[in-house]
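Heads up, there are several structures right after this.
Two complexes, one shared chain (subunit A), two partners (subunit B, subunit C).
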Partner chain A sequence: MRVAERIKHDGGTPAKAAAAPSLPPAVVRPRKRRGVNREGLEAGRRSTRTLLWILLAAAMVLYGFPFLYLLFTSFKTPIDTIAVPPTILPKEWTLENYTNALGRIGVLASFINSIQTAIISTVLSLVLAVPAAYGITRYKTLSGRIFIMAALVTRMVPPVAIGIPLASMMGTLGLSDTPIALSIAHTTISLPLSIWLMSSFFEAVPKDLEEAATVDGCSRLGALWRVVIPVVSGGIAVTAIFAFLASWNEFLFALLMTAIRSQTTPVVIANFQTQFGLDWGSMTALAAVYSIPVILLTLLLQRKIVAGMTLGAVKG
Partner chain B sequence: MRISDRRFALFLMAPAALFLTVFVAFPLFRLIADSFFKISPIAGGPRDFVGLDNYVRAFASEAFNGAGWRTLAYTLIVVTLEFALGLGMALLFTMLGSSSQIWRTVFMYPLMIAPIVAGLLWKFLMIDNFGLIGTLLHQAGILSNPNQIGWLSDPGIVLYSVAIPDIWLTTSFMCLVLFAGLQNIPGDLIEAARLDGARAPALLFRIILPLLRPVIAVALVVRGIDAARAFDTILIQTNGGPQSASETMSLLIYRTMIRFGDPGLASAMGTIYLLAMLAVAFVAVTTIWRPGKDT
Partner chain C sequence: MSTRTFISRLAVGGICTAVALSATACGAGGPATTSGSAGTNTVNVLVEAGGHAVLTGVAEQCKQNAGVDVNFVELPYDGMFNRLSSEFSSGNVSFDVAALDSVWLPSFKDAVQPIDEIFTDEAKKDIFPSLVKEANVDGHFIGLPAWTNAEIILYRKDLFEDTKNKADFQVKYGYELAAPTTWKQYQDISEFFTKDGIYGTDVKGGVETEWLAHVLQAGSPMVLDGDKVVIDNAAHKEALDFYVSLVKDAPSGAAQVDWAAAQNLFNQGKTAMTRFWAHAYRQIPADSAVAGKVGAAPMIAGSAGIGGVPGPWYLTVPKATKNTEAAKKFVQCAYDYNDKGIESNLGLASRISAFEKYQDKEGYESFGPLIETLNGEATATRPATEKWQQIVDTVLVPMLQKAVAGGDSATLLADAKKQIEDLLK
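Right after this comes the complex of A and B.
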């Protein structure tokens, strides 16, 4: 507190505050990130840093190249796509592959199916995972501990093992070949992950918060809804992104559980290979159209996503 | 009237528990039940109880044993390479500090790409004749002929080739997790070791890796389980071929179920596979993970 006031008085520059005689500089120096080891592992020497930057540049070029090649290929003419020997850049830039791919019957419908399935699955995962994770972390009962273990164990179940029984169950329920059936299947993947992520976020909420709310006359559900959920809304957003991505990119359940009506784009991309011979140009175009929105979304929301990805692993 | 906290917690967990029971536990139960029957692939066809016959057939079949070893080898290849590369990148980013932040973000991009797209993309890079990798290696003078290495057509190396997209997709995950772990190592400790004259290898093997052990363990377990279930990338690249040289367990079960129309045998294989995974999961969860306890 006093340190903060001091900084304010000095005009807010940390350098000035550090110069104040009564304060040890280490206390005042602002930490840019949690990076406790900024001074530890970070390379200081100029020559070392140059070398490291060169290494990083090489790694980034190698790592980024495959997707760039996919993009370049998608702008080639269909014949150039499979030219021997291949070239990296298109000889002639054209959108022909895109018009071919998107004009094909069923492709646009598959996009709508993918979006529908991913949205239903995301909502379902959140509606189920948020209360469950809250019940697990806030009350710490034995049943809660058993439940989170069981939910994590479901993560180990290979989709290929339950895909067929699940598909026949959906048939019994009259849901065969619908986005709802597929989104339920996708939720079996994203729900355990969502419970795990949300548990970590609830863990960080101080218990006093909802105790104060219940004292003020809120019911426990009311406290959860009006006080706790707004506090973890960032965590809910991260969980939603993960659930969405899990469904958007899923292939095996989609292959086993959909036919023409509810087919999602990953299945259509895979089908290009068998149904139409080797139509590489259209495949690359469709793959690019399908991947770019989610890549951009991630770049926009990157901080939150990084937090979500590392949370469970590092804490556990 | 106010219900007890324990009841309230159960009430909150019940919908999710019910969902997982109906849509995971019940299909699993069906799978296990099916493994004791000989089932006609035609809907409504005969269904005869055969006891453990499907299990005997699974263990006796060369395809099953081969797929088991290949799955193990595939998992080890993927996880080892991913770990080595991910650790290298995490150290690189840590040594460059906050100025490398934007590149850390960019490095994450493959995580958002569908495995099916990654498999397709690498197939396109490695395919015979118009694959770019062979051509570039040829132009660089490393190969005498662009098709000298049949990345996806030589049974001897295909298992390594099909692992590449998986490694490419998830090295970012390893890197992220390890990077976060590295941020938690106190800088003073590194300084102290440096003052004591520790050089880079000692610093890495004596200090950094032991301190990262819990993070490494979790990352390896998570990725190991995912790699053992790999399906999409392999299916699109080779469909298990040539000569089943890249047929892992997921693919074999899929083919037994769909192509060979033997749901009973496929269910037995699936059950064995699942039990093996659960054994690994159990060891992992009880020894290193312990969710809900120390968080």
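Right after this comes the complex of A and C.
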């Protein structure tokens, strides 16, 4: 075996190369170059990784800063919150804003309303989106394609344009100022997105799985329930989170459709800005508290979300 | 029980509870009502979040003395107009009384009932004349002013009373340093105090009311004289030139300064004077650099005298309410117990007697200047047109922003006239 071939065969490790007797310098050179390349490659990888970490950290700061600023502001004294120029950290830490915000009449009720509305809206979205998306992806008909495109139309209309007619319709139905009315309104926002998301998840599930289940005696619905849905459970979690968030943070419909009984927290938060002044401290305190359930929910479902987002990534 | 099982059960429990509650059409506040509270002694009052405090004391008195229970529906200012439009146009209202900003009265005049019986001769004497005039639309009183406000002068008493400042000012301008009463004095004092990191005043490019007050002081109706657009007349130009002349003595970025920014600047001790709504006097934070050091004076006067733009809110009774009797009782309460609003943190009312009752008390030093401004010979309410808000948002504020950034006043006013005429077509 020629030396060059032997080096190639041995994997080019320095130890094995050193064992070769009386190697001419010309032949050794490539070995040395390969060693340098590997170190260079390692260094390159390290610098790429460092760069990625820096970019990641920058992105985190970019996304996280507004929330951190909100959090810090919620612990500031009233005069600190309006400081010119603004400060990031409180000069003096206080819980006064939390006492004010949570002690305000109607705040607790608004939290319950927000939770109730978001849950109903999420359930409604999933109950409607899962079968719709399944039907569209499995039957692949022209009407299905038209339907999925048409579902997006509601997302193309400014919410304020449908908010006022929706509020009037709910009034006619005797549903004014109820969580169910607001949930239905919120479902108009989350349903199109849910159908599209679920469609992509169903697309990723091989038909063979269902066919195998059918061979084993499952009906079509049985296969959907016992085989397909467990496979796309990550996708359902992702869709549920999006639907929940869409309702949880929604403001305009809540403003137009709720009053005493079903007012949600985003409206209550907005009420801290009045024509006579802005209570920054209390507003940020309530906003910070309001974000806790969503953070917890996201953390609890984190693994499902990641699984859902990568579902279909290896489809081949 | 594993964590997973616990979470699953919790989720299922939550969903069941939410669905069960929704089945009964209940929110956390209890069973839903459709339109007001028909035929009962309970009224739903729609109010901007800041005004809620003013009416709380009234509601307590009303319950005690007239047997009327009040539920407040609080909404943020920016969303209230949309909500009112939505409910009034549907004819299905969720409130029995609505507190309306004065600029909205022309827009909703056909959706609310006359309340002439509340405007007795005695009442008309006890409410500021400009408000009595504004409340009367097409020959009927349609709203009771629940509280009102106007811009006055707030100034740093400590700086004005400083011996060195007084002496230096006397030398430089030839008259005694005191709260300004004229445009010239306001300019001089602004210039004098612009030093050592402090500015003499602020200039608000983000809001129009202050410039309009100067227009009144210069002797012209604001923007419209009947149906005629007069924004390009001499008084408007004079007022705009005066407004812009203060930019050199104000913090930078005047085009973006609005009420909140100006209030912050003053409370932080960055400006020596501000023209601001009177309620701000009582809202200076206790830990502010200027707490206890602020004086109040009436709005400055131009050639036509003291002029301000009142900022009242009117209580109205929708035609669509099914509970007119109780609603009108509440509006009457708002007149009878009007001074209760003064004891709120906002500290405002609408009856002259209510302001007078408190004006000599400690902490209410802004009331004297407020009364004087509201009674000012040039004081007037905004033009009664449905398009007013649109005129403000699309013409007046952009024009002011260009003016404080250095635009030519005559050209800007001429352009504004054309735009307004197009809007009113």
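The definition used in the following text is that the second predicted complex is superposed on the first by the 219 of 316 C-alpha atoms of A that agree within 3 Å, B and C clash if a C-alpha of one lies under 4 Å from a C-alpha of the other, contacts with A are read in each partner's own complex, and residues count from 1 in each chain.
Going forward, contacts are C-beta pairs under 8 Å (C-beta built on N, C-alpha and C of every residue); 3 or more make two chains touch, one makes a residue touch a chain.
If you're wondering where the values come from, they're calculated on a predicted model, not measured in any experiment.
K.L.:
Looking at A:172 after the superposition, I want to know if it touches subunit B, subunit C, both of them or none. Which is it: first, second, both, neither?
P.N.:
second
K.L.:
Examine A:84 and indicate which partner it touches, taking first as subunit B and second as subunit C; both and neither are also allowed.
P.N.:
Once the two structures are laid over each other on A, A:84 reaches both partners.
K.L.:
Identify the partner contact of A:300: answer first if only subunit B is touched, second if only subunit C is, both if each is, neither if none is.
P.N.:
In the superposition, A:300 contacts subunit C only.
K.L.:
Contact-wise, after the overlay, does A:273 reach subunit B, subunit C, both or neither (first, second, both, neither)?
P.N.:
Both: A:273 reaches subunit B and subunit C.
K.L.:
Of the two partner chains, subunit B (first) and subunit C (second), which one does A:160 touch, if any: first, second, both, or neither?
P.N.:
Touch partners of A:160: subunit B and subunit C.
K.L.:
Using the touch definition from the top, say if A:108 reaches subunit B (first), subunit C (second), both or neither.
P.N.:
In the superposition, A:108 touches subunit C alone.
K.L.:
Which of the two partners, first being subunit B and second being subunit C, lies in contact with A:51: first, second, both, or neither?
P.N.:
A:51 sits against neither subunit B nor subunit C.
K.L.:
Return first, second, both or neither, reflecting whether A:248 touches subunit B, subunit C, both chains, or no partner chain.
P.N.:
A:248 sits against subunit B, while subunit C stays out of touch.
K.L.:
For A:209, decide between first (touching subunit B), second (touching subunit C), both and neither.
P.N.:
Touch partners of A:209: none, neither subunit B nor subunit C.
K.L.:
For subunit A, which residues lie in the overlap of the subunit B contacts and the subunit C contacts?
P.N.:
Touching subunit B in the first complex and subunit C in the second, residues 82-84, 160, 164, 168, 252, 270, 273 of subunit A appear in both lists.
K.L.:
Could you pull out which subunit C residues touch subunit A in their complex?
P.N.:
7, 14-15, 17-19, 21-23, 25-35, 44, 46, 48-51, 71-79, 82-83, 85-87, 89-90, 92, 94-95, 101, 260, 263-265, 267-268, 270, 277, 279-280, 283, 285, 287-289, 346
K.L.:
Considering the complex alone, what residue numbers of subunit B touch subunit A?
P.N.:
My answer: residues 5-6, 8-13, 15-17, 19-20, 23-24, 26-28, 30-31, 34, 89, 91-98, 100, 103-117, 120-122, 124-125, 129-132, 135, 138-139, 146, 168, 171, 173, 176-177, 179-191, 208, 214-215, 218-219, 222, 225, 228-229, 231-232, 235-236, 249-250, 253-254, 257, 263, 266, 270-271, 273-274, 277-278, 280-281, 285, 289-295.
K.L.:
Name, in rising order, each residue of subunit A that touches subunit C in their complex.
P.N.:
Per the touch definition, subunit A meets subunit C at residues 77-79, 82-84, 106, 108-113, 115-116, 119-120, 123, 160, 163-164, 167-168, 171-172, 174-180, 183, 252, 255-256, 258-263, 267-268, 270-278, 300.
K.L.:
Would you tell me which residues of subunit A are touching subunit B in their complex?
P.N.:
32-43, 48-49, 52-53, 55-56, 59-60, 63-64, 66-67, 69-70, 73, 82-86, 88, 127-129, 131-132, 134-141, 143-145, 147-162, 164-166, 168-169, 184-185, 187-188, 191-192, 195-196, 199-200, 203, 220, 245, 248-249, 251-252, 266, 269-270, 273, 280, 283-284, 287, 290-291, 294-295, 297-299, 302, 305-306, 309-310, 312-316
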